[in-house]
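Presented sequentially are two complexes of subunit A, the first with subunit B as partner and the second with subunit C.
Coming up: the complex of A and B.
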């Protein structure tokens, strides 16, 4: 299992765990699950804002099956922002959402077709172990966050992406 | 293009000497005309013009005759043996026509003779039964495309292919796809090639992602009769996908339909693979135990290097496709023993097999329900297997009546590095064959106390829309 930095570790422990094991095909269960998802996300965003570490925005469609927003990363005092989106898989929450950053599609080998970030090693086993108690907030905190921290500086330093003002 | 047909396609020497050849005559008349024009002798000029007209007419006739020949020769059907000979001589495209009935006749142009020979050899009782079988292949990548080609060449009745991806040049280290397919959807490129190989197969191509809610419904509809979502219309589903999510989706669909399926996989380091047969309620489902892999004998830490998501080899993928389709043929045509799990470790050439019983505590409710339904079937199979094992033991016993040298059989050691590396696997308590490991940890690492302390708090009065609005409001701040 990957080693988590202290910050991520202490943050994730503050994100509430989810209780309802229900996917989007389970009408009643999903309504409950969705409430839990939103509540956990609100808590996580508030935590981030409270420590001045806000790094994404997110919202979902009415059914809660498609999510989109923005995420950003600060590197050498410059902010790099990306569109972010994903669908809730039909087998959720047994499987994690496959987070996509479409703008980076084809720019890094740590990504599957369509801009799906590669999470198989550091994140998926963890999700599997904690299923069904992890939700979207956990996926962002333990999946996307560490991925960006590892990948974005590398993409900037190698000139594959550049700041929008440059 | 050289004239009347009885001549070979290339006879340049002869052509040069042939003064009656219209092209030669034409150019010689033309040069004569040029000299006449220069001399301005009007009678001779007219004579030359009429000779030239003759030459042009003759050339035209020859061109038309050659074009007519071409039309007659192509396309050539394989059913016409004379046609084949002509075609190969001129290396023109051969089109394989549909064949109404599989024939066992040993002829060069019978694409089924070697398959039907399986009956004569006593391997398969009724090979032609394969034409009544329909197989769905999900994932037309390194394993799936090759599996589809094998099934097509074997003459399967129907082949349903699913993939959301397009062919890229980066796929060229695998088999089947060719550079000219780049940019096409994998399913369309596969149908195009496979239909030429065997037009007797009914191909269906589904360019879609099965993991979304919509995709799942379409997938289920496509493998059921009239799309009713209930009555299976395929004999087997083959999973050739490259990720855990898609496997879980296939598992869910197959549990709901009580559809038998086979899972296949190649490790990210490209040096091990496996196939697994899943009969809902009778064997373990994909969710019963964490997914299994064959340990490759490579230290995992060396794999988790930066920058690379997955390696792949055409060899390993071709072998796994071969195992998968071989098992499929055995299952569909009822010969040999169908493997419930077969692993392949390329580093040691080690092939573990095992049966996997369903987990009574499976987290999938549909699986648990089917386990109860098929308890009798599991029992019957267990007894049949025990009876067979006893038979084998008795046979073995009779082979050595005396044992002068006190030879005894000792348990073979698993190849070093291939054995279960303990840790999480052992904690999960399932008995695995040598060399096989879990690729994912088991769910529910969070105990009830932790959950209670950290669980999200929602109220029944909370409105989903309100919460969504609250979250959105945070975005704008």
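Coming up: the complex of A and C.
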């Protein structure tokens, strides 16, 4: 986990690991898995709030297959907020979810079509290694968080995105 | 990953979890700011004036730098702290307690005290904060101490509570009667019980005393507090005395109690001494405890004398009165101290002498006077002394003048010698004139005042010269020689009167008192004596001057008679040949030498005297020359002429040096001019009557001389002019060798017999003179000639006398 900064690492270590190995197709197991996902997310949100590092909101549909919410990044005392959404893949939890930031679709090379962020290099091997213990909370913490920290300042500086008030 | 990190979802519904997530996301996130941010934030707020801008509510920080706090908060904390510490805290103690710098603590304390000034709730005194509660507590504690000990002093309390005496006094005063049950006086707080105890002690001491007692000593023995002694005891004693519980007097300053009984006894002792001896010393009474003995005795004996150190009754006076009487009777003096009791000091004697009726009486009657404060000197003795002083002073003045004259004569001689050395003739004269000139200049240059001073000085220097003028103007001569006699000299003189005088009197001896007494008298006498001397001088000069002036006139007249007689006589010989002319020359020269020169001398002398009498000082030499009665030598005449005042000196010098070379007529004219020019003496014209009178007096004079004449050889020299005067009415002044010439003229005038007699006398006289002047003359021959001459002389005298009486 040498690719992530110390803060991220210490945070991810405090997020509870999940036990149930079940995808949306497994009726019984998925309900349990979903509960675990929520529990982990609650813990993660609490951790963030506690350390004044809250940076997203999220919720899922009733089945827990589609997740949406908002994430934000503060750069030069300005808060940049983006919509966030993704679907739970069928092969979940063996496959990691593909997180999308539709507003940024086509604005950066570090992104797949449809606004899916590019996480393949470091994140995917880690996910595979820790599957099925990693869940949505881990994906946000280790995937989306570092991606935004790396990409958004660049996008702002190059003028590709601008603050909504400007 | 640890197992305990695993999710446990048993018994929890999905809905609950979703709701929990929502709740967790809605919860406000905790703000996490770094210290630096906070510091910056606070800085920003201060800059914006959002915090710390209110007056007296600035934002402070603790000494650790970890906390911010406002002044208002600090004041609250300080107040809490003071209350917590019992109402008193030193400002220096606050910083460690509050972690705030002392400066802020002090300011907070000041503000707190200022806010509470009206209520007095909290005070800032000497770097300490004190609340009212603290003072209340202190009052209670003081009261406890007071009740235990009966008394406390403010000083002790101030020390115990480490408060200023002033503050402690105010605190205690405000509490006395309230929290503190007692009274405060002179810095002492005490209970009524304590007062009763002290009163009992004092009463005991006072009642027990039989002689003067120091309450201070007694009370300290009985452990009465010293402050109480000062504050309470005087009041207590006064109370006790007024209530009649004790009897006596108390002196507050010295704390001495004198019991009534003691005072009475002492009084009796002191008064009995006074009654027995007629006097008592104040010191004795003081030793007996009477503090103001003079006033004390004065109250009891109004009539008696309160002296310096002694109180005396008139009974001490009789011995003194007797001595005074005796002194006046014997005309002596006495030291009155010796006739009074021995304890009398000089001051006492001085006092009583002023009060004693007898002394007053004799002094006022003038029978005696008091000198040297304590000595009585009778009038007779005074007179004796006065006479002695007068004698001594007059003698001394005379002596001084003489000495001075001698000194001046010495000076002038020296000056004369110096002048002589300078050279004679024109240069010497010039020098002399110049000296005189400068003197004159100085005299007039100093104006009126200078002139006056100079005159006075001149008078002093030349006593016999200008002194008369100075004295007549009322200016006493005042120089070193004219100094009045000193006190020492007077003392010496008085010591000669009575050598015991210096042992009478005390600090001032009678001797010095007497000399001071006579100082003024001696001074006056001295002045008088000087004046008298000077007057005598002036008088002598005046007389001489008058004599000279009349002699100048008389001689002038005589001169004119001589001159006329001579021309008359010579006119008879006019037909004579050469020898007649020669004779005429000889006669005239003789007349000039014998009569005109003395006239010139007198004129010069008179001029000098006149100069002296108007105050000009011509020097001692001139003075001497002008005084001389004898004729002057040529040298003296010239000196005198030169010494005359500048304006006439030239003319006088010409006259003196040239007169002998002139003919008789010229010389006469010169002499007459000189008498008017030099000494202002006009010669009145000679009339017949006056001429007759002159010739008559000349005859009488010659006749008197002839009759009283003892010298045989001069009979002829007197007889011939007398016969001329008688027979021809002329006055002759002949040299001896021209007698024969005069004699020849007489032939025919006298009877032949008488003429022969006269001629024989002349012959014999010439013969005798020639013989006796020769060396180896025959004594027998001379004596026989003398015998013959004697008979001839008497015959001629008789003849001439007869001639004179005939008419």
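In the analysis below, the second predicted complex is superposed on the first by the 164 of 166 C-alpha atoms of A that agree within 3 Å, B and C clash if a C-alpha of one lies under 4 Å from a C-alpha of the other, contacts with A are read in each partner's own complex, and residues count from 1 in each chain.
We take it that a contact is a pair of C-beta atoms (placed from the backbone, for glycine too) under 8 Å apart; a residue touches a chain by one contact, two chains touch by 3 or more.
In this text, all values refer to a predicted model and were calculated from it rather than measured experimentally.
Of the two partner chains placed by superposition, A:159 touches none, neither subunit B nor subunit C.
Residue contacts after overlaying the shared chain place A:50 against subunit C, while subunit B stays out of touching range.
Comparing subunit B with subunit C, the partner in contact with more residues of subunit A is B.
By the touch criterion defined above, A:125 lies against subunit B but remains apart from subunit C after alignment on the C-alpha atoms of chain A.
In the superposed model, A:40 lies in contact with both subunit B and subunit C.
For the contact definition in use here, the residues of subunit A common to its subunit B contact set and its subunit C contact set are 13, 16-19, 31-32, 34-36, 38-42, 45-46, 49, 57-60, 64, 133.
Within the complex, the subunit B residues that touch subunit A are 165, 210-213, 215-216, 243-245, 248-249, 251-252, 268, 287, 290, 304, 306-309, 363, 440-446, 450-451, 454-458, 462, 464-465, 467-468, 470-472, 474-475, 477. Considering their complex, residues 13, 16-19, 21, 24-25, 31-32, 34-36, 38-43, 45-46, 49, 57-60, 62, 64-65, 69, 87-91, 94-96, 98, 109-113, 118, 120-121, 124-125, 128-133, 150 of subunit A touch subunit B. Interface residues of subunit C facing subunit A in the complex, by the touch rule stated above, are 1, 5-9, 12, 14, 17-18, 20-22, 24-25, 27-32. Within the complex formed with subunit C, the subunit A residues making contact are 13-19, 31-32, 34-36, 38-42, 45-46, 48-54, 57-60, 64, 133.
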